[in-house]
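When the chains are written out, they are named A, B, C and D in that same order, and each has its own residue count from 1.
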Amino acid sequence: MEQHAERLDTAGLAAAVARDIPTGSYVNLGIGRPTAVAAYLDPAQRVTLHTENGMLGMGPPAEGDAIDPDLTNAGKQPVTELPGAAYFHHADSFAMMRGGHLDVCVLGAFQVSARGDLANWHTGEPDAIPAVGGAMDLAIGAKRVVVMMSLFAKDGSPKLVPECSYPLTGLACVDRVYTEVATFAVTPEAVMVTATYGMAFAELAERLQVPIVAG
Amino acid sequence: MEQHAERLDTAGLAAAVARDIPTGSYVNLGIGRPTAVAAYLDPAQRVTLHTENGMLGMGPPAEGDAIDPDLTNAGKQPVTELPGAAYFHHADSFAMMRGGHLDVCVLGAFQVSARGDLANWHTGEPDAIPAVGGAMDLAIGAKRVVVMMSLFAKDGSPKLVPECSYPLTGLACVDRVYTEVATFAVTPEAVMVTATYGMAFAELAERLQVPIVAG
Amino acid sequence: MTAPAYSRVCASAAEALAGIEDGSTVLVGGFGMAGMPVALVDALIEQGATDLTIVSNNAGNGDTGLAALLAAGRVRKVVCSYPRQHDSWVFDGLYRAGKVELELVPQGTLAERLRAAGAGIGAFFTPTGAGTPLTEGAETRELDGRLQVLQYPLPGDVALIAAHRADEVGNLVYRKTARNFGPVMATAARTTVVQVSEVVPAGSLDPEAIVTPGIYVDRIVVTGERAARGEQ
Amino acid sequence: MTAPAYSRVCASAAEALAGIEDGSTVLVGGFGMAGMPVALVDALIEQGATDLTIVSNNAGNGDTGLAALLAAGRVRKVVCSYPRQHDSWVFDGLYRAGKVELELVPQGTLAERLRAAGAGIGAFFTPTGAGTPLTEGAETRELDGRLQVLQYPLPGDVALIAAHRADEVGNLVYRKTARNFGPVMATAARTTVVQVSEVVPAGSLDPEAIVTPGIYVDRIVVTGERAARGEQ
């Protein structure tokens, strides 16, 4: 277990996720915050980015004249195409996801349970418009499901929980959780803390209702 | 019911099948004898030929320098490509067949039953090597399944039968049967003779164990 | 180009949408605005069919296209994966007011149900959504070591899609991620209508690169480059 | 071209086939000789793995390729749709002698079971073969007004396929009807080995026209134009 003195800021969190992606991986970065990981990937990692709307070899965000309304990421933001890119239709794209061909996906989360259940599509509030997109397909499909989130909600309650109270996205699917104060490996045996950032293991253990071990 | 004085020869049978294919149809001609139908299609019919091994817009047999080992029909004979052709892989080709998108397929048969059951893949003999290919997919997939066969086996027994004795290819799937002496429409109500060739209706009715009506 | 009587090329979007009946299930391509058949959706509003079930990845953006169709009260039910967007206020309001029904389907299951409809697959088991509220009540089975859910085909009466180019016999090619749902929706509907930037002679498209073979395309409307690219 | 350590391009077919174990299920592309990975099958014979299950549309032609593998006694079982051909005497003899097991699968079901294995579909219902001896004992259900049969995925340990060209990141394009089973088999195996006529730099292939994305390709062997086109 690595111990660091400072909490991770947004950039630091994205960089930490990026650093741990194995060389040569095919990776999906979902929508929203995880898409920031792309900027911290080292070209030497030779990561190929997949976007659910039908592309492998997605490049950085498009700007100015490079913006093409026919070329977007899953968040509908304009992106670019790298040499070696390939386009395919939606059934083929999700066959790739569901079939277990992506090495890593990075997702945001409302909650993750101690056994790796993921809740990230619906708060369950009566007035909320539910929307799931490709989250359930990524959760069950990628070889490694990485969650990137703040460890505590605004009210201070932990988001790594014994059982999710929000509606589930997938069962026992999360492998790694990256937060601003600690990173976790979720295994069948235990939730292992792999690194801490500005918070001692003892304090973590006290604030979480989930039993943790130092990894 | 049309009545013709002469039996159909091989060419005449293929021509009769070709003549009845509706204008603008997408058609699969299976393997073996039905492939001869292609030569009798009128360009004004604008028929597009499908081959199960992944092509729409198949052209005539290839000869001489036009022979390309990468371009064959379902019988593995060299063929050509017409303007407007498209290639696709096997799962897509059979999705097209199974999904009901082909207007007509033409198949050979060992037996057809009065309710349209088809037997054309296996004689059931103990020493026979069974082989089915795409026959079962065509039988259940094409909008109209046309059988082209001789009406009587070498021993004189009819191949249009009350119940198939050979192993089935598909249940209640045959719509039309073209033979050298008569053509039939197989409907839920009756087997209707639509034309005779050199054999009187009365003789047909006597030689078949299947009740027939003049259509 | 010449358009003989049997041509699939229609003179207008209105002509291409003739005959769509009240109560139809309409598959609408696009992922956000990429691949969205804007001209065809506008023509559907003009055409007047109502009580529609709309199958599309999203539930309308801003005040045009699908959002305008919703605002006009023509839609009974939306089947989609991601209705909630920053500019989905029309759907949001109708949904909260109980004026439109929502069937929320995980995106991959949506795509696969459309494919199944086109491919003659009667039903399929998928692990997506197993154990979640989106598959409550569905038949489940443990297969390949994990819980899977039985899902059924999602056929359409009509598909409205956008492609880049068509040839005279209806073969289609797309542009970049605007391809998305177009190819599967084209296979899943009884009648498929496509808007394209141009129609080229048969033989002009590379037979190795055709994404949607013409067998899946019934009517073609040429809307020009900008409209075909999802711009207004 | 240069081949860095991480390159998928192998120096020889022998290198590409290293590690195939006895008892493996090997998916072999091709429809007759079109798309048949002749060089890879020859290398498999050299490599020596035995007790194999071979999944392929046919069961070998003449005395070379799959027929030679069968003749060498390496094949326990053949899963195919059409073993009986005018030149399938090797298979015919072994089958009649009870020396090779046959699982006969309708061609479309073979293709769809391979697709299911690659697409994470746990099982599917298909009308193909319902009520025939080929689906005896299978689970059936009436769906969409007709009898359908439940079919399971058909995954491979290894796929051996032939394509026309690869780029450096493994994207593949095919030629004409030699495409056939290659794309689905590439998705269905843990390790996919492809023989191609040439490897071109990344970016040389049209991204709109790629049939098999590189994610499905593990090892590439350049065999030159003639071998890639199924000629001996």
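The rule is short, and it goes like this: a residue touches a chain if its C-beta (ideal position, glycine included) is under 8 Å from a C-beta of that chain, and two chains touch if they have at least 3 such contacts.
In UniProt terms the chains read A, B = 3-oxoacid CoA-transferase subunit B.
Computed from a predicted model, the values in this text were never measured in an experiment.
K.L.:
Would you pick out the chains that touch chain B and also touch chain C?
P.N.:
D
K.L.:
Going by the average position of its CA atoms, which chain sits the greatest distance from chain B?
P.N.:
The most remote chain is A.
K.L.:
Between chain C and chain D, what is the separation of their C-alpha centroids in Å?
P.N.:
About 33 Å separates the centre of chain C from that of chain D.
K.L.:
With chain centres defined as C-alpha means, what is the inter-centre distance between chain A and chain B in Å?
P.N.:
54
K.L.:
I'd like to verify one number: the distance from the centre of chain A to the centre of chain C, where each centre is the average of its C-alpha atoms, in whole angstrom.
P.N.:
29
K.L.:
If a residue has to touch 2 or more other chains to count, which residues of chain B qualify?
P.N.:
Residues 81, 87-88, 94-95, 97-98, 140-141 of chain B touch two or more partner chains.
K.L.:
By residue number and range, which residues of chain D touch two or more other chains?
P.N.:
112, 115, 119-121, 126-127, 174-176, 207-208, 211
K.L.:
Pairs of chains that touch, anyone?
P.N.:
The complete list of chain pairs in contact reads A-C, A-D, B-C, B-D, C-D.
K.L.:
Chain D touches which residues of chain B in the complex?
P.N.:
Listed in rising order, the residues are 51-55, 68-72, 76, 81, 87-91, 93-95, 97-98, 122, 127-137, 140-141, 167-171.
K.L.:
Spell out the residues on chain D that touch chain B in their complex, using ranges where they run on.
P.N.:
Where chain D meets chain B, its residues are 31-35, 57, 81-85, 88, 91-92, 95-96, 102, 104-112, 114-115, 126-134, 146-147, 174-184, 211, 229-231.
K.L.:
Okay, in this complex, where on chain C does chain B touch?
P.N.:
6, 115, 117-121, 167-169, 171, 187, 201-203, 207-208, 210, 213-216
K.L.:
Per the contact definition, I'd like the list of chain D residues that touch chain C in the complex.
P.N.:
The touching residues are 112, 116, 119-127, 141, 143-144, 148, 152-153, 173-176, 206-209, 211.
K.L.:
Inside the complex, what are the residues of chain B that reach chain C?
P.N.:
23-24, 26, 46, 48, 50, 56-57, 81, 83-88, 94-102, 140-141
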